[in-house]
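Should a chain be cited, it is by its letter among A, B, C and D, assigned in written order, with residues numbered from 1 in that chain.
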């Protein structure tokens, strides 16, 4: 249990601590240090779970199994790399955009706050708390989105706040319905929201009510996953907030929201004897996937473009989870991992690129390879990876998803492939001129720490060539947990 | 061994007869256009004269220019050697089938075209461009005609094909007639006769073949001229022996050979007369009407092929 | 079941539920800011009362706590904050132009029907005295969303948001006699923080686009300019 | 010890050369010598491994603990992959000789691209190609396939200062991606039925004809796109020329072949029963590609682009061979099927050799003159005599002239086509000869095309100063070209021997060799039987030589003095280089005959004399012959996607009310649906 509590307490204390540290560099370092400790704790936890199987805290408040443990590790890892990146980046921002000390205190404190809510959402065993944590994540990040106080930033933050608030409210209604259905079969009333209890007694839950509750939960958490047509907050929030925020939003928040969705799907599937939940998720997934891939073509803002690519990939994962079945689930889990690694790496690079050019507008960023080869190549390789080219891991997961689709819904592979092609064209038509060609005047190299990017892309590459044993064991256990059988 | 010698002899006979054939055609032509005719041996005299003459090379001529006459001559003579002139079942026929024969022609054409561009004169380039164009259009027509023959005889080996027509006796094949007409038109185009080209002209703008060999002199010119004469004869022998093989020697006995020699000479002279008539009635056509001419040849051969598929094998 | 067989308290519960629904409609129709806030406060109060009644009738003591919390938060604290903000931002006298008010109200009525239709499967299961009010709670949620969609002022959107929260809370109470305490607390905390953040945002918005008119927030879009 | 070990060595050295090149930015010689040396080893090992597997007629398999937990990397080398392996090896060996000299100009100061990038991706590119040939399950195949595409993409984008190159690279990557997806789907169909992604499982299972045809269609689309079949070819002539020349040689010479390898592997090995309809499709597409490819090539004056277009033509010829073979196999004439396959394989070999040679030649010219435009060249035969010889050999064999390798494969294809009468269906019997005629036409046009190339580039007079000052390239580059040139001649003169070796491939795929092809010894090539057709390349070669020699010796008497003088040229006075026929002029007749094939934009500007308006001072002539597939296929699709994107864009209005309404109505809709 100790690592678990540590892991939650560190960021929690971080919130308070950083709220009082005005010294910018110090705060940056502390932020990194805290994230590092969190990562250490989470790895410790991961080892425990890998060795001893699922953990349930004595108060039954926290529950760790193969599914969320690797997400926890992933979250902590990306949290760390982003923190490392955010230190020099935010300093540069402070210098160029004159952000006040107060706001930087808020920034660092809320960074930890966000990490805390993420980890809480992942580790909690209580569906209600899960909801609270998700809402908390919104509250923690909404002020960071408007950190720059530009009209666009405020607008984005407002939309983020209102849309996610309303969405999450619907999720709460779904939770209430879940509780309503559960308290009638669960002996102890206060246990009726505990996930493991719900999961074990899913079979007796009333299908009709669960259907309703799933609809509300889908719309609610789906808003946070960024499913079309509930996605509208996402590109705004990603593009207007500070880049580290975009990185963690894309890399973590979306994952966690999807995680919540899958958790409730597991319960609903236990109760419903149809695959209704799956079909709904497939529908939304496919819609988001195709629409987002078309959106990619019309982007003028680089961060906005990559946030649409996030929507596209979340759509793919939702679709895969919707298909169910070991192969698709395995693929989806793998895709969660590689996507957050790649996407956060890309956002880090994009942040540097934007600082190099002094703008986020795609038309004005040119010839990065000449100005700063590291950033240029990082962006190029990252895009190649996210576009699903082997030997990067994204290809492996997409390969699996396509295979599974081929097996169960052969004709759906066609829209998938078309979507992939369109998305690819959309990405590269913009990336190409940014990376290649001659650099315009006044594009200056910046102090960039590309090590996180390298590490993450290296991981993705590794996953593409060979999936390490412990990881494949996690995935397998998780797959068994979710889909009931193993792909091996 | 003996038949290899015979093959050699036939080849020599072939290349030595070629100038005579040209002389015959010229003579008949003069008669037809009632002009005073040169003697039948005039072509021989021309060759000898050219061989004796000194050779003048342009300064910029590279080795390609000098090698071309020999390569062309070699290719054409080899082509001549595989065409059954008087006797069948000679071993050398197996060296190259009819497709290779066509390839020999295009080898010769390519080198002539290259040599024409070697000096860098405008005429050379013009001639080579035009000749390659004509060749490019003539070759498929030629091959189609050949294929028709090859398909009905189910062989591309000339000797076999001739034997086939011999054995099957006199059969009226629409495909053969079409193919023959096609072949004749191609022959006219390939050997640079009227209406496609005029061997006698030296008016620059109408030259095709002549333009390519403008810069040649002496023995180089002689070789090329001779090769052209052989090529003309090859076409005529092909037409004569594939479509009217009667008389050709099937056994290598003396009187058979003599008989077939007489036969082929007669056939060739007859064809020569036909060619003369054709050239006399026809007028040289503009360069860009040549494609239509060759297109028609191609169409004929294609028709031959299709009639073969539809009418003769009844698929 | 027939109303007449019910005890007076149960009738009271249904009564107040009806009034809660009414307040939602009033908010939908209310164009002035301050009265809007007051209506919202009333809704909160009614909610608290209903909860207390339910607590008394069904004898769930922990509901008293949530009732108290609701009263504090929804009937007092948040309305007060909103009112102060409105005054400080000088928009307390503003009157909003309602596009198609009658249409909106009709749509609201339709939503009530729809909420009832949706609630049927739940109602059939429930044995609670309050089961018929579930439909009302759903209706309140939907009406809150309608309010948010139909209003241009940021502040009225906030009120819509809050009334959705009300509806949710209401549904929790009437369908299950309240969620577990820990969740209730978490939710309450979130609502409070949200309310504060809204306050912060009003100022940010005013600073950036010097207006609280959310229609002005349309720089970020994809369509052709 | 098995061929696989050697194959691994080849892979390793390819990878090593890439890694080694990482240091090239600091020490350029690391790339010029170190990497090239390793590439040389890679080539040698590849040749050894390939020919071993080919001669041994066995296959050895292996599994690497990579990839998915339940799907290891399956590798296997058998005669088919061995054949292609050795082709790749030969080319790699040639460029390893060629590269050190060629790359010198890249290492000069002021050259802006990173050498490491060049070396790294060259290594990866070759590694990818070799791995594709070894792959024995769909997963490895796709990984290595895309690795090949991506790394070659980086090489295409290498000189990215020019917008055209960037555009080409983008287009290339896009098409590669689309094609890759199609192939993936094709494998998906097979895997869907066999339940596993290993090729063994796919070989084992039987498909329903419909699904088999679907799988074939997908594979054909994907591989055909990579091979550059019409009308999906438009990316190829954009992408291949803009890479550095030795890379272009690899792309046009080998990468295309790898695509064809994929097709052969897929159709002959994996799908199972071949249907003759597929063959018909292949034949028609092939014939079209051949004709259009050569026509487009004829009108190009950029040497490398012209070569790229001619690759399309040759792919067409290969497809014709395969198509014929499929038709015959599908109708039960396996022996003739073998013949067709043999023709295709032989042309694959020949094309790899002479196209590689020609691209290296083009690179040599560019290296010596910085010129790609034919109309600025001329007279190079005097400045670069040896390169001229090699290039001439390349031109002759690509024109399919006898006694060189290009002719053998064309001859075999014709022979296969001539066996059409055995077919039952009259339609096929009449279509095949027409296709053959198209082949003949294209062959003749190809000859015209390359006479133009050689004549304009190497003969005549130099048309620009830099060309006039050109100097012969260094020994390494010449060695690289020489190797390929010699091979062109050798494979042209001894076809029977080569075929008796390649025989292992049809043996493995169809369980049936082409016994009669080389039955009569190394001297005679008799594909069906000596009665039907025979060709003796050695005799032809030596006969022509001997006749030429004899005539030469007979004529070199006292009489035969050679005197040099000015060109006569019908007595028109002094010649200068601007009087020569340009490439454009040379192909003009063809352009006029086949005008409908291109989108032709021609404009002539006359500048009249100010004093006498009737007198023309100068004429400016511009000719653009555009590839029709752009206006017909590519642009429409592009605009379609953009239009869709524009429509979709409208849903994001920017108004929060709309957004709320979306989520509101989504909720309502779903609730309504589920209840």
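Here are a few things to note about the model shown:
The rule we apply is simple: contacts are C-beta pairs under 8 Å (C-beta built on N, C-alpha and C of every residue); 3 or more make two chains touch, one makes a residue touch a chain.
Just so we're clear, the structure is a prediction, and the values are computed from it rather than from any experiment.
Set side by side, the interfaces A-D and C-D show unequal numbers of C-beta pairs in contact, with more at A-D. Central chain by Cα centroid: D, whose mean Cα position is closest to the mean of all protein Cα atoms. Our note on geometry: subunit A versus subunit D, Cα centroid distance of 44 Å, whole angstroms.
For this pair, subunit C with subunit D, the centres built from the Cα atoms lie 70 Å apart. For this pair, subunit B with subunit C, the centres built from the Cα atoms lie 101 Å apart.
Centre-to-centre separation of subunit A and subunit B, using mean CA positions: 78 Å. Multi-chain contact residues of subunit C, defined as those touching 2 or more other chains: 118, 121, 145, 148, 157, 214, 217-220, 222. Residues of subunit A found to touch two or more other chains are 158-159, 162, 166, 170, 212, 235, 295, 298.
Annotation for subunit D: residues touching 2 or more other chains are 646, 648-649, 651-652, 656, 660, 663, 671, 675.
Taken pair by pair, the chains that touch are A-C, A-D, B-D, C-D.
Considering their complex, residues 126, 128-129, 131-132, 135-136, 139, 142-143, 146, 149-159, 161-162, 165-166, 169-170, 172-173, 175-177, 179-181, 183-184, 189-190, 192-193, 206, 208-209, 212, 235-236, 239-240, 295, 298 of subunit A touch subunit C. Listing the residues of subunit B that touch subunit D in their complex gives 51-62, 64, 67, 70-71, 73-75, 77-78, 81, 94-97, 99-100, 103-104, 106-107, 109-110, 113-114, 116-126, 128-130, 132-133, 135-140, 143-144, 147, 150-151, 154-157, 160, 202, 204, 214-215, 218-219, 223, 287-288, 291, 298, 302, 305-306, 309-310, 313, 315. Residues of subunit D touching subunit B in their complex: 378-379, 381-382, 392, 396, 399-402, 407, 411, 414-415, 417-418, 420-421, 423-426, 429-430, 433-434, 436-438, 440-441, 443-445, 447-448, 451-452, 454-456, 459-461, 524, 530-536, 539-540, 543-549, 551-552, 555, 559-570, 575, 577, 579-581, 585-590, 592-593.
Residues of subunit C that touch subunit A in their complex: 118, 121-122, 125-126, 138, 141, 145, 148, 154, 157, 161, 164-165, 168, 171-172, 175-176, 179-183, 186-187, 189-190, 193-194, 197-198, 200-201, 204-205, 207-209, 214, 217-220, 222. Listed in rising order, the residues of subunit D touching subunit A in the complex are 65-70, 112, 114, 139, 142-144, 146-147, 149-150, 157, 160-161, 163, 166, 169-170, 173-174, 177-178, 181-182, 184-185, 188-189, 191-192, 197, 641-642, 644-646, 648-649, 651-652, 656, 659-660, 662-663, 666-667, 670-671, 674-675.
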